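Pasting a structure below so you can have a look.
Should a chain be cited, it is by its letter among A, B, C and D, assigned in written order, with residues numbered from 1 in that chain.
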Amino acid sequence: MPRVFKSVDISKEEKEIRKDYFDRHTPWVICEDTAKRGEKFKVKVKLGRDYVHPADPDHYIDYIQLWNRETLLADLRITPMVLGNNSGQVEVDFYIVPQNSMNLSAMALCTKHGLWQSDSKEVLIRD
Amino acid sequence: MPRVFKSVDISKEEKEIRKDYFDRHTPWVICEDTAKRGEKFKVKVKLGRDYVHPADPDHYIDYIQLWNRETLLADLRITPMVLGNNSGQVEVDFYIVPQNSMNLSAMALCTKHGLWQSDSKEVLIRD
Amino acid sequence: MPRVFKSVDISKEEKEIRKDYFDRHTPWVICEDTAKRGEKFKVKVKLGRDYVHPADPDHYIDYIQLWNRETLLADLRITPMVLGNNSGQVEVDFYIVPQNSMNLSAMALCTKHGLWQSDSKEVLIRD
Amino acid sequence: MPRVFKSVDISKEEKEIRKDYFDRHTPWVICEDTAKRGEKFKVKVKLGRDYVHPADPDHYIDYIQLWNRETLLADLRITPMVLGNNSGQVEVDFYIVPQNSMNLSAMALCTKHGLWQSDSKEVLIRD
(Lines give C-alpha, C1' and ligand atoms only; values in the text may rest on other atoms or scores of the structure.)
Protein backbone atom coordinates (compact mmCIF):
# COMPACT_ATOMS: atom_id res chain seq x y z
CA MET A 1 0.00 0.00 0.00
CA PRO A 2 1.73 3.20 -1.10
CA ARG A 3 1.53 5.84 1.59
CA VAL A 4 1.34 9.50 0.66
CA PHE A 5 3.65 11.78 2.60
CA LYS A 6 2.20 15.26 2.85
CA SER A 7 4.01 18.35 3.94
CA VAL A 8 1.02 19.42 6.08
CA ASP A 9 1.09 16.18 8.08
CA ILE A 10 4.69 16.50 9.16
CA SER A 11 5.33 18.38 12.39
CA LYS A 12 7.50 21.47 12.41
CA GLU A 13 9.85 19.76 14.81
CA GLU A 14 10.28 16.69 12.68
CA LYS A 15 10.83 18.87 9.62
CA GLU A 16 13.65 20.62 11.44
CA ILE A 17 15.35 17.41 12.59
CA ARG A 18 15.22 15.65 9.22
CA LYS A 19 15.31 18.81 7.14
CA ASP A 20 17.32 17.42 4.25
CA TYR A 21 15.20 14.26 3.97
CA PHE A 22 11.92 16.17 3.72
CA ASP A 23 13.29 18.94 1.57
CA ARG A 24 14.71 16.76 -1.17
CA HIS A 25 11.55 14.62 -1.45
CA THR A 26 8.86 17.29 -1.37
CA PRO A 27 7.78 18.83 -4.65
CA TRP A 28 6.63 22.41 -4.69
CA VAL A 29 4.32 24.24 -7.01
CA ILE A 30 5.55 27.67 -8.03
CA CYS A 31 3.27 30.07 -9.91
CA GLU A 32 1.46 33.41 -9.70
CA ASP A 33 -1.49 33.78 -7.33
CA THR A 34 -3.90 34.76 -10.09
CA ALA A 35 -4.31 33.71 -13.72
CA LYS A 36 -6.16 35.29 -16.64
CA ARG A 37 -9.05 33.13 -17.81
CA GLY A 38 -8.30 31.29 -21.06
CA GLU A 39 -4.68 32.42 -21.29
CA LYS A 40 -1.56 30.28 -20.97
CA PHE A 41 -0.37 30.18 -17.37
CA LYS A 42 3.04 28.85 -16.32
CA VAL A 43 3.28 26.41 -13.39
CA LYS A 44 6.71 25.26 -12.27
CA VAL A 45 7.12 22.08 -10.26
CA LYS A 46 10.46 21.59 -8.53
CA LEU A 47 11.94 19.09 -6.15
CA GLY A 48 14.13 20.24 -3.30
CA ARG A 49 14.72 23.83 -2.26
CA ASP A 50 18.08 23.46 -0.58
CA TYR A 51 18.98 19.76 -0.93
CA VAL A 52 19.41 17.50 -3.94
CA HIS A 53 17.90 14.07 -4.25
CA PRO A 54 20.20 11.15 -5.11
CA ALA A 55 20.12 9.74 -8.60
CA ASP A 56 21.24 6.14 -8.21
CA PRO A 57 20.05 3.15 -10.26
CA ASP A 58 17.81 1.98 -7.41
CA HIS A 59 16.98 5.35 -5.90
CA TYR A 60 15.64 8.11 -8.07
CA ILE A 61 12.60 10.24 -8.79
CA ASP A 62 10.35 8.25 -11.12
CA TYR A 63 7.53 10.62 -11.90
CA ILE A 64 6.09 14.05 -11.16
CA GLN A 65 2.35 14.68 -11.41
CA LEU A 66 0.45 17.95 -11.45
CA TRP A 67 -3.08 17.90 -10.01
CA ASN A 68 -5.95 20.36 -9.81
CA ARG A 69 -7.94 19.11 -6.82
CA GLU A 70 -8.95 15.52 -7.78
CA THR A 71 -8.02 15.93 -11.42
CA LEU A 72 -4.68 14.81 -12.81
CA LEU A 73 -3.50 17.44 -15.29
CA ALA A 74 -0.16 16.03 -16.37
CA ASP A 75 2.05 13.05 -15.60
CA LEU A 76 5.76 13.27 -16.32
CA ARG A 77 7.85 10.09 -16.44
CA ILE A 78 11.55 10.71 -16.24
CA THR A 79 14.08 8.18 -17.47
CA PRO A 80 16.40 7.49 -14.54
CA MET A 81 19.96 8.78 -14.60
CA VAL A 82 19.29 11.38 -17.25
CA LEU A 83 17.61 14.80 -17.42
CA GLY A 84 17.19 16.81 -14.23
CA ASN A 85 17.54 13.48 -12.51
CA ASN A 86 21.26 13.86 -12.98
CA SER A 87 21.34 16.45 -10.29
CA GLY A 88 18.49 15.03 -8.32
CA GLN A 89 16.68 18.34 -8.61
CA VAL A 90 13.84 17.61 -10.95
CA GLU A 91 12.24 20.68 -12.45
CA VAL A 92 9.54 21.13 -15.09
CA ASP A 93 7.32 23.97 -16.31
CA PHE A 94 3.78 23.13 -17.32
CA TYR A 95 1.57 25.58 -19.19
CA ILE A 96 -2.10 25.54 -18.24
CA VAL A 97 -4.97 27.40 -19.87
CA PRO A 98 -7.31 27.72 -16.88
CA GLN A 99 -11.02 28.49 -17.11
CA ASN A 100 -11.72 28.54 -13.38
CA SER A 101 -9.90 28.99 -10.11
CA MET A 102 -7.64 26.10 -9.23
CA ASN A 103 -6.17 24.33 -6.24
CA LEU A 104 -2.93 22.92 -7.58
CA SER A 105 -0.71 20.29 -6.03
CA ALA A 106 2.13 18.08 -7.17
CA MET A 107 3.06 14.48 -6.42
CA ALA A 108 6.54 12.99 -6.70
CA LEU A 109 7.42 9.30 -6.56
CA CYS A 110 10.75 8.31 -5.08
CA THR A 111 11.58 4.69 -5.90
CA LYS A 112 12.78 4.12 -2.36
CA HIS A 113 10.67 6.41 -0.18
CA GLY A 114 7.22 6.44 -1.76
CA LEU A 115 4.82 9.18 -2.80
CA TRP A 116 5.29 12.78 -1.71
CA GLN A 117 2.71 15.50 -1.99
CA SER A 118 3.36 19.23 -2.16
CA ASP A 119 1.54 21.95 -0.29
CA SER A 120 -1.49 23.04 -2.28
CA LYS A 121 -1.45 26.32 -4.19
CA GLU A 122 -4.61 28.36 -4.71
CA VAL A 123 -4.86 30.21 -8.02
CA LEU A 124 -7.70 32.69 -8.54
CA ILE A 125 -9.03 33.50 -12.00
CA ARG A 126 -9.44 37.04 -13.29
CA ASP A 127 -11.00 38.19 -16.56
CA MET B 1 -4.98 17.48 -3.37
CA PRO B 2 -5.82 14.02 -4.66
CA ARG B 3 -7.41 11.90 -1.96
CA VAL B 4 -6.91 8.15 -1.93
CA PHE B 5 -10.05 6.11 -1.37
CA LYS B 6 -9.23 2.81 0.30
CA SER B 7 -11.50 -0.13 0.63
CA VAL B 8 -10.39 -0.65 4.25
CA ASP B 9 -11.45 2.87 5.24
CA ILE B 10 -15.02 2.53 4.06
CA SER B 11 -17.53 1.18 6.57
CA LYS B 12 -19.46 -1.99 5.81
CA GLU B 13 -22.68 -0.03 6.05
CA GLU B 14 -21.62 2.61 3.58
CA LYS B 15 -20.37 -0.08 1.24
CA GLU B 16 -23.82 -1.66 1.31
CA ILE B 17 -25.68 1.58 0.66
CA ARG B 18 -23.49 2.74 -2.23
CA LYS B 19 -22.54 -0.72 -3.40
CA ASP B 20 -22.40 0.05 -7.13
CA TYR B 21 -20.34 3.22 -6.63
CA PHE B 22 -17.66 1.49 -4.57
CA ASP B 23 -17.66 -1.66 -6.62
CA ARG B 24 -17.04 -0.09 -10.00
CA HIS B 25 -14.23 2.17 -8.72
CA THR B 26 -12.26 -0.28 -6.61
CA PRO B 27 -9.53 -2.28 -8.31
CA TRP B 28 -8.79 -5.75 -7.02
CA VAL B 29 -5.65 -7.82 -7.19
CA ILE B 30 -6.22 -11.45 -8.14
CA CYS B 31 -3.41 -13.99 -7.88
CA GLU B 32 -2.26 -17.12 -6.09
CA ASP B 33 -1.31 -16.92 -2.40
CA THR B 34 2.20 -18.22 -3.00
CA ALA B 35 4.74 -17.78 -5.79
CA LYS B 36 7.83 -19.72 -6.74
CA ARG B 37 10.99 -17.64 -6.35
CA GLY B 38 12.39 -16.42 -9.67
CA GLU B 39 9.56 -17.76 -11.79
CA LYS B 40 6.96 -15.81 -13.73
CA PHE B 41 3.90 -15.16 -11.61
CA LYS B 42 0.62 -13.86 -13.01
CA VAL B 43 -1.17 -10.99 -11.26
CA LYS B 44 -4.53 -9.87 -12.59
CA VAL B 45 -5.88 -6.41 -11.79
CA LYS B 46 -9.55 -5.82 -12.47
CA LEU B 47 -12.03 -3.04 -11.89
CA GLY B 48 -15.52 -3.83 -10.71
CA ARG B 49 -16.81 -7.22 -9.63
CA ASP B 50 -20.50 -6.75 -10.35
CA TYR B 51 -20.81 -3.25 -11.78
CA VAL B 52 -19.25 -1.56 -14.80
CA HIS B 53 -17.66 1.87 -14.75
CA PRO B 54 -18.85 4.47 -17.29
CA ALA B 55 -16.65 5.26 -20.24
CA ASP B 56 -17.58 8.81 -21.21
CA PRO B 57 -15.26 11.46 -22.64
CA ASP B 58 -15.07 13.25 -19.29
CA HIS B 59 -15.47 10.23 -17.02
CA TYR B 60 -13.27 7.21 -17.48
CA ILE B 61 -10.51 5.17 -15.88
CA ASP B 62 -7.24 6.86 -16.74
CA TYR B 63 -4.63 4.55 -15.27
CA ILE B 64 -4.09 1.39 -13.28
CA GLN B 65 -0.95 0.94 -11.16
CA LEU B 66 0.44 -2.17 -9.51
CA TRP B 67 2.43 -1.66 -6.31
CA ASN B 68 4.49 -3.88 -4.05
CA ARG B 69 4.40 -2.03 -0.72
CA GLU B 70 5.98 1.40 -1.50
CA THR B 71 7.35 0.32 -4.87
CA LEU B 72 5.55 0.99 -8.12
CA LEU B 73 5.90 -2.09 -10.31
CA ALA B 74 3.92 -1.09 -13.38
CA ASP B 75 1.86 1.86 -14.58
CA LEU B 76 -0.73 1.30 -17.30
CA ARG B 77 -2.15 4.28 -19.15
CA ILE B 78 -5.31 3.51 -21.09
CA THR B 79 -6.49 5.66 -23.98
CA PRO B 80 -10.05 6.71 -23.15
CA MET B 81 -12.95 5.20 -25.05
CA VAL B 82 -10.99 2.23 -26.31
CA LEU B 83 -9.70 -1.07 -24.90
CA GLY B 84 -11.32 -2.49 -21.78
CA ASN B 85 -12.47 1.06 -21.16
CA ASN B 86 -15.23 0.40 -23.65
CA SER B 87 -17.02 -1.67 -21.13
CA GLY B 88 -15.77 0.24 -18.14
CA GLN B 89 -14.36 -3.00 -16.76
CA VAL B 90 -10.65 -2.50 -17.05
CA GLU B 91 -8.63 -5.69 -16.76
CA VAL B 92 -4.92 -6.43 -17.18
CA ASP B 93 -2.59 -9.31 -16.35
CA PHE B 94 0.91 -8.46 -15.22
CA TYR B 95 3.67 -11.05 -14.98
CA ILE B 96 6.05 -10.63 -12.08
CA VAL B 97 9.24 -12.56 -11.35
CA PRO B 98 9.34 -12.25 -7.56
CA GLN B 99 12.42 -12.82 -5.42
CA ASN B 100 10.79 -12.21 -2.06
CA SER B 101 7.37 -12.20 -0.47
CA MET B 102 5.19 -9.34 -1.61
CA ASN B 103 2.35 -7.17 -0.40
CA LEU B 104 0.60 -6.20 -3.63
CA SER B 105 -1.97 -3.48 -4.14
CA ALA B 106 -3.45 -1.66 -7.10
CA MET B 107 -4.45 1.95 -7.68
CA ALA B 108 -7.00 3.17 -10.20
CA LEU B 109 -7.58 6.78 -11.23
CA CYS B 110 -11.10 7.81 -12.20
CA THR B 111 -11.09 11.19 -13.96
CA LYS B 112 -14.11 12.28 -11.95
CA HIS B 113 -13.81 10.51 -8.60
CA GLY B 114 -10.10 10.43 -7.81
CA LEU B 115 -7.70 7.70 -6.76
CA TRP B 116 -8.92 4.30 -5.56
CA GLN B 117 -6.83 1.70 -3.79
CA SER B 118 -7.45 -2.02 -3.67
CA ASP B 119 -7.25 -4.26 -0.66
CA SER B 120 -3.70 -5.49 -0.27
CA LYS B 121 -2.77 -9.03 -1.23
CA GLU B 122 -0.04 -10.97 0.58
CA VAL B 123 2.02 -13.34 -1.58
CA LEU B 124 4.47 -15.70 0.11
CA ILE B 125 7.54 -17.00 -1.69
CA ARG B 126 8.41 -20.67 -1.87
CA ASP B 127 11.53 -22.29 -3.29
CA MET C 1 15.85 11.00 -33.60
CA PRO C 2 14.53 7.68 -32.36
CA ARG C 3 14.52 5.09 -35.13
CA VAL C 4 11.87 2.39 -35.21
CA PHE C 5 13.15 -1.11 -35.85
CA LYS C 6 10.51 -3.21 -37.57
CA SER C 7 10.57 -6.92 -38.00
CA VAL C 8 9.40 -6.58 -41.62
CA ASP C 9 12.37 -4.36 -42.54
CA ILE C 10 15.01 -6.80 -41.38
CA SER C 11 16.24 -9.31 -43.94
CA LYS C 12 15.87 -13.02 -43.30
CA GLU C 13 19.64 -13.39 -43.50
CA GLU C 14 20.34 -10.68 -40.98
CA LYS C 15 17.72 -12.15 -38.67
CA GLU C 16 19.54 -15.49 -38.83
CA ILE C 17 22.97 -14.04 -38.13
CA ARG C 18 21.89 -11.86 -35.19
CA LYS C 19 19.04 -14.09 -34.11
CA ASP C 20 19.34 -13.48 -30.37
CA TYR C 21 19.62 -9.69 -30.76
CA PHE C 22 16.44 -9.43 -32.83
CA ASP C 23 14.53 -12.00 -30.86
CA ARG C 24 14.98 -10.47 -27.46
CA HIS C 25 14.07 -6.95 -28.63
CA THR C 26 11.03 -7.67 -30.78
CA PRO C 27 7.64 -7.69 -29.11
CA TRP C 28 4.99 -9.99 -30.45
CA VAL C 29 1.24 -9.78 -30.31
CA ILE C 30 -0.49 -13.05 -29.44
CA CYS C 31 -4.26 -13.41 -29.76
CA GLU C 32 -7.05 -15.19 -31.62
CA ASP C 33 -7.65 -14.37 -35.30
CA THR C 34 -11.24 -13.32 -34.70
CA ALA C 35 -13.04 -11.53 -31.87
CA LYS C 36 -16.70 -11.25 -30.95
CA ARG C 37 -17.98 -7.69 -31.28
CA GLY C 38 -18.43 -5.97 -27.92
CA GLU C 39 -16.97 -8.79 -25.84
CA LYS C 40 -13.72 -8.81 -23.85
CA PHE C 41 -10.86 -10.06 -25.99
CA LYS C 42 -7.45 -11.01 -24.58
CA VAL C 43 -4.29 -9.74 -26.28
CA LYS C 44 -0.93 -10.89 -24.95
CA VAL C 45 2.22 -8.91 -25.69
CA LYS C 46 5.51 -10.65 -25.01
CA LEU C 47 9.15 -9.88 -25.56
CA GLY C 48 11.49 -12.57 -26.78
CA ARG C 49 10.52 -16.02 -27.98
CA ASP C 50 13.75 -17.89 -27.28
CA TYR C 51 16.07 -15.30 -25.77
CA VAL C 52 15.81 -13.07 -22.70
CA HIS C 53 16.59 -9.38 -22.64
CA PRO C 54 19.07 -8.09 -20.05
CA ALA C 55 17.76 -6.20 -17.05
CA ASP C 56 20.62 -3.96 -16.02
CA PRO C 57 20.34 -0.47 -14.49
CA ASP C 58 21.28 1.15 -17.82
CA HIS C 59 19.83 -1.45 -20.15
CA TYR C 60 16.24 -2.56 -19.75
CA ILE C 61 12.82 -2.50 -21.37
CA ASP C 62 11.21 0.81 -20.43
CA TYR C 63 7.76 0.56 -21.93
CA ILE C 64 5.43 -1.61 -24.01
CA GLN C 65 2.67 -0.05 -26.10
CA LEU C 66 -0.29 -1.67 -27.82
CA TRP C 67 -1.55 0.01 -31.00
CA ASN C 68 -4.52 -0.49 -33.29
CA ARG C 69 -3.32 1.02 -36.57
CA GLU C 70 -2.52 4.69 -35.69
CA THR C 71 -4.30 4.56 -32.35
CA LEU C 72 -2.48 3.94 -29.09
CA LEU C 73 -4.63 1.64 -26.97
CA ALA C 74 -2.47 1.19 -23.90
CA ASP C 75 0.93 2.28 -22.64
CA LEU C 76 2.66 0.22 -19.96
CA ARG C 77 5.57 1.71 -18.04
CA ILE C 78 7.62 -0.85 -16.17
CA THR C 79 9.81 0.09 -13.23
CA PRO C 80 13.31 -1.17 -14.05
CA MET C 81 14.72 -4.16 -12.19
CA VAL C 82 11.35 -5.40 -10.99
CA LEU C 83 8.39 -7.25 -12.49
CA GLY C 84 8.88 -9.26 -15.70
CA ASN C 85 11.90 -7.05 -16.18
CA ASN C 86 13.70 -9.29 -13.73
CA SER C 87 13.91 -11.97 -16.32
CA GLY C 88 14.06 -9.64 -19.27
CA GLN C 89 11.01 -11.36 -20.70
CA VAL C 90 8.32 -8.75 -20.37
CA GLU C 91 4.81 -10.09 -20.71
CA VAL C 92 1.40 -8.48 -20.28
CA ASP C 93 -2.20 -9.37 -21.16
CA PHE C 94 -4.48 -6.57 -22.26
CA TYR C 95 -8.25 -7.00 -22.53
CA ILE C 96 -9.90 -5.16 -25.41
CA VAL C 97 -13.60 -4.80 -26.15
CA PRO C 98 -13.47 -4.39 -29.94
CA GLN C 99 -16.26 -2.95 -32.06
CA ASN C 100 -14.53 -3.33 -35.42
CA SER C 101 -11.78 -5.34 -37.05
CA MET C 102 -8.33 -4.37 -35.85
CA ASN C 103 -4.74 -4.31 -37.01
CA LEU C 104 -2.77 -4.65 -33.79
CA SER C 105 0.90 -4.03 -33.23
CA ALA C 106 3.16 -3.53 -30.25
CA MET C 107 6.11 -1.25 -29.59
CA ALA C 108 8.87 -1.86 -27.06
CA LEU C 109 11.48 0.65 -25.93
CA CYS C 110 14.91 -0.63 -24.99
CA THR C 111 16.90 2.03 -23.15
CA LYS C 112 19.99 1.15 -25.14
CA HIS C 113 18.72 -0.01 -28.54
CA GLY C 114 15.71 2.17 -29.29
CA LEU C 115 12.16 1.44 -30.40
CA TRP C 116 11.12 -1.99 -31.69
CA GLN C 117 7.91 -2.76 -33.51
CA SER C 118 6.17 -6.12 -33.71
CA ASP C 119 4.69 -7.72 -36.78
CA SER C 120 1.12 -6.57 -37.20
CA LYS C 121 -1.74 -8.89 -36.29
CA GLU C 122 -5.09 -8.76 -38.12
CA VAL C 123 -8.16 -9.48 -36.01
CA LEU C 124 -11.53 -9.88 -37.73
CA ILE C 125 -14.80 -9.14 -35.92
CA ARG C 126 -17.69 -11.57 -35.82
CA ASP C 127 -21.19 -11.02 -34.42
CA MET D 1 1.47 0.02 -37.29
CA PRO D 2 1.98 3.58 -36.10
CA ARG D 3 3.74 5.65 -38.72
CA VAL D 4 6.10 8.43 -37.69
CA PHE D 5 5.64 11.69 -39.56
CA LYS D 6 8.90 13.60 -39.73
CA SER D 7 9.31 17.18 -40.73
CA VAL D 8 12.37 16.31 -42.86
CA ASP D 9 10.39 13.80 -44.94
CA ILE D 10 7.71 16.24 -45.99
CA SER D 11 8.37 18.20 -49.18
CA LYS D 12 8.50 21.99 -49.10
CA GLU D 13 5.59 22.10 -51.54
CA GLU D 14 3.38 19.84 -49.47
CA LYS D 15 4.24 21.83 -46.36
CA GLU D 16 3.06 24.98 -48.12
CA ILE D 17 -0.22 23.47 -49.33
CA ARG D 18 -1.20 21.90 -46.00
CA LYS D 19 0.59 24.43 -43.87
CA ASP D 20 -1.90 24.47 -40.98
CA TYR D 21 -2.09 20.65 -40.79
CA PHE D 22 1.68 20.21 -40.52
CA ASP D 23 2.20 23.20 -38.28
CA ARG D 24 -0.26 22.24 -35.59
CA HIS D 25 0.99 18.64 -35.38
CA THR D 26 4.73 19.15 -35.43
CA PRO D 27 6.48 19.64 -32.10
CA TRP D 28 9.56 21.82 -32.00
CA VAL D 29 12.48 21.85 -29.66
CA ILE D 30 13.55 25.31 -28.52
CA CYS D 31 16.80 25.81 -26.61
CA GLU D 32 20.22 27.39 -26.74
CA ASP D 33 22.85 25.99 -29.16
CA THR D 34 25.33 25.27 -26.39
CA ALA D 35 25.01 24.09 -22.79
CA LYS D 36 27.41 24.19 -19.85
CA ARG D 37 28.43 20.70 -18.76
CA GLY D 38 26.70 19.60 -15.56
CA GLU D 39 24.48 22.65 -15.26
CA LYS D 40 20.70 22.83 -15.60
CA PHE D 41 19.71 23.55 -19.18
CA LYS D 42 16.21 24.53 -20.23
CA VAL D 43 14.58 22.80 -23.22
CA LYS D 44 11.14 23.99 -24.33
CA VAL D 45 8.93 21.72 -26.43
CA LYS D 46 5.98 23.37 -28.14
CA LEU D 47 3.31 22.31 -30.58
CA GLY D 48 2.29 24.62 -33.37
CA ARG D 49 3.97 27.87 -34.33
CA ASP D 50 1.07 29.65 -35.99
CA TYR D 51 -1.85 27.22 -35.72
CA VAL D 52 -3.58 25.59 -32.77
CA HIS D 53 -4.45 21.92 -32.55
CA PRO D 54 -8.05 20.94 -31.75
CA ALA D 55 -8.86 19.67 -28.27
CA ASP D 56 -11.92 17.47 -28.77
CA PRO D 57 -12.78 14.31 -26.80
CA ASP D 58 -11.68 12.12 -29.71
CA HIS D 59 -8.96 14.35 -31.13
CA TYR D 60 -6.26 15.71 -28.90
CA ILE D 61 -2.55 15.57 -28.17
CA ASP D 62 -1.98 12.57 -25.91
CA TYR D 63 1.72 12.76 -25.11
CA ILE D 64 4.92 14.66 -25.73
CA GLN D 65 8.29 12.91 -25.49
CA LEU D 66 11.78 14.38 -25.39
CA TRP D 67 14.58 12.26 -26.87
CA ASN D 68 18.36 12.51 -27.02
CA ARG D 69 19.22 10.41 -30.06
CA GLU D 70 17.86 6.91 -29.21
CA THR D 71 17.32 7.68 -25.54
CA LEU D 72 13.98 8.76 -24.14
CA LEU D 73 14.58 11.52 -21.61
CA ALA D 74 11.06 12.36 -20.54
CA ASP D 75 7.51 11.31 -21.37
CA LEU D 76 4.67 13.71 -20.60
CA ARG D 77 1.10 12.41 -20.55
CA ILE D 78 -1.51 15.14 -20.72
CA THR D 79 -5.07 14.57 -19.52
CA PRO D 80 -7.33 15.48 -22.44
CA MET D 81 -9.39 18.67 -22.33
CA VAL D 82 -7.32 20.28 -19.62
CA LEU D 83 -3.94 22.01 -19.36
CA GLY D 84 -2.32 23.41 -22.52
CA ASN D 85 -4.59 20.99 -24.31
CA ASN D 86 -7.33 23.51 -23.85
CA SER D 87 -5.81 25.72 -26.45
CA GLY D 88 -4.36 22.91 -28.49
CA GLN D 89 -0.95 24.49 -28.10
CA VAL D 90 0.86 22.13 -25.80
CA GLU D 91 3.97 23.60 -24.23
CA VAL D 92 6.38 22.28 -21.61
CA ASP D 93 9.84 23.18 -20.34
CA PHE D 94 12.17 20.37 -19.38
CA TYR D 95 15.39 20.95 -17.45
CA ILE D 96 18.31 18.76 -18.44
CA VAL D 97 21.72 18.48 -16.80
CA PRO D 98 23.80 17.43 -19.80
CA GLN D 99 27.22 15.82 -19.59
CA ASN D 100 27.85 15.52 -23.32
CA SER D 101 26.69 17.06 -26.58
CA MET D 102 23.15 16.11 -27.48
CA ASN D 103 20.93 15.64 -30.50
CA LEU D 104 17.49 16.42 -29.17
CA SER D 105 14.15 15.70 -30.79
CA ALA D 106 10.54 15.60 -29.66
CA MET D 107 7.64 13.31 -30.50
CA ALA D 108 3.95 14.18 -30.22
CA LEU D 109 1.05 11.76 -30.44
CA CYS D 110 -2.21 13.01 -31.93
CA THR D 111 -5.04 10.59 -31.17
CA LYS D 112 -6.31 10.92 -34.75
CA HIS D 113 -3.22 11.55 -36.88
CA GLY D 114 -0.46 9.46 -35.33
CA LEU D 115 3.09 10.18 -34.22
CA TRP D 116 4.88 13.38 -35.22
CA GLN D 117 8.59 14.01 -34.89
CA SER D 118 10.30 17.38 -34.62
CA ASP D 119 13.39 18.50 -36.44
CA SER D 120 16.44 17.51 -34.45
CA LYS D 121 18.34 20.10 -32.47
CA GLU D 122 22.10 19.85 -31.92
CA VAL D 123 23.41 21.09 -28.57
CA LEU D 124 27.15 21.38 -28.01
CA ILE D 125 28.69 21.14 -24.57
CA ARG D 126 31.12 23.72 -23.20
CA ASP D 127 33.05 23.61 -19.95
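FYI, a contact is a pair of C-beta atoms (placed from the backbone, for glycine too) under 8 Å apart; a residue touches a chain by one contact, two chains touch by 3 or more.
Every value quoted in this text rests on a predicted model; they were computed, and no experiment measured them.
Participant: Could you let me know which interface, C-D or B-C, is made of more C-beta pairs in contact?
Facilitator: B-C
Participant: How many angstrom lie between the centres of subunit B and subunit D, each centre taken as the mean Cα position?
Facilitator: 33
Participant: Distance between subunit C and subunit D based on Cα centroids, please, to the nearest Å.
Facilitator: Comparing mean C-alpha positions, subunit D is 24 Å from subunit C.
Participant: Where in subunit C do residues touch two or more of the other chains?
Facilitator: Residues 62, 71-72, 75, 77, 79, 111 of subunit C each touch two or more of the other chains.
Participant: Using the contact definition from the top, classify how the chains connect: line, ring, star, complete or other.
Facilitator: Shape = complete; every chain linked to every other.
Participant: For subunit D, which residues count as touching subunit B in their complex?
Facilitator: 57-58, 62, 77, 79-81, 111
Participant: If you look only at subunit B, which of its residues touch subunit C in the complex?
Facilitator: 38, 40, 66, 68, 71-79, 82-87, 89-97, 99
Participant: Taking the complex as given, what residues does subunit B use to touch subunit A?
Facilitator: Residue positions touching the partner: 1-4, 6, 62-63, 67, 69-72, 75, 77, 103, 105, 107, 109, 111-114, 117, 120.
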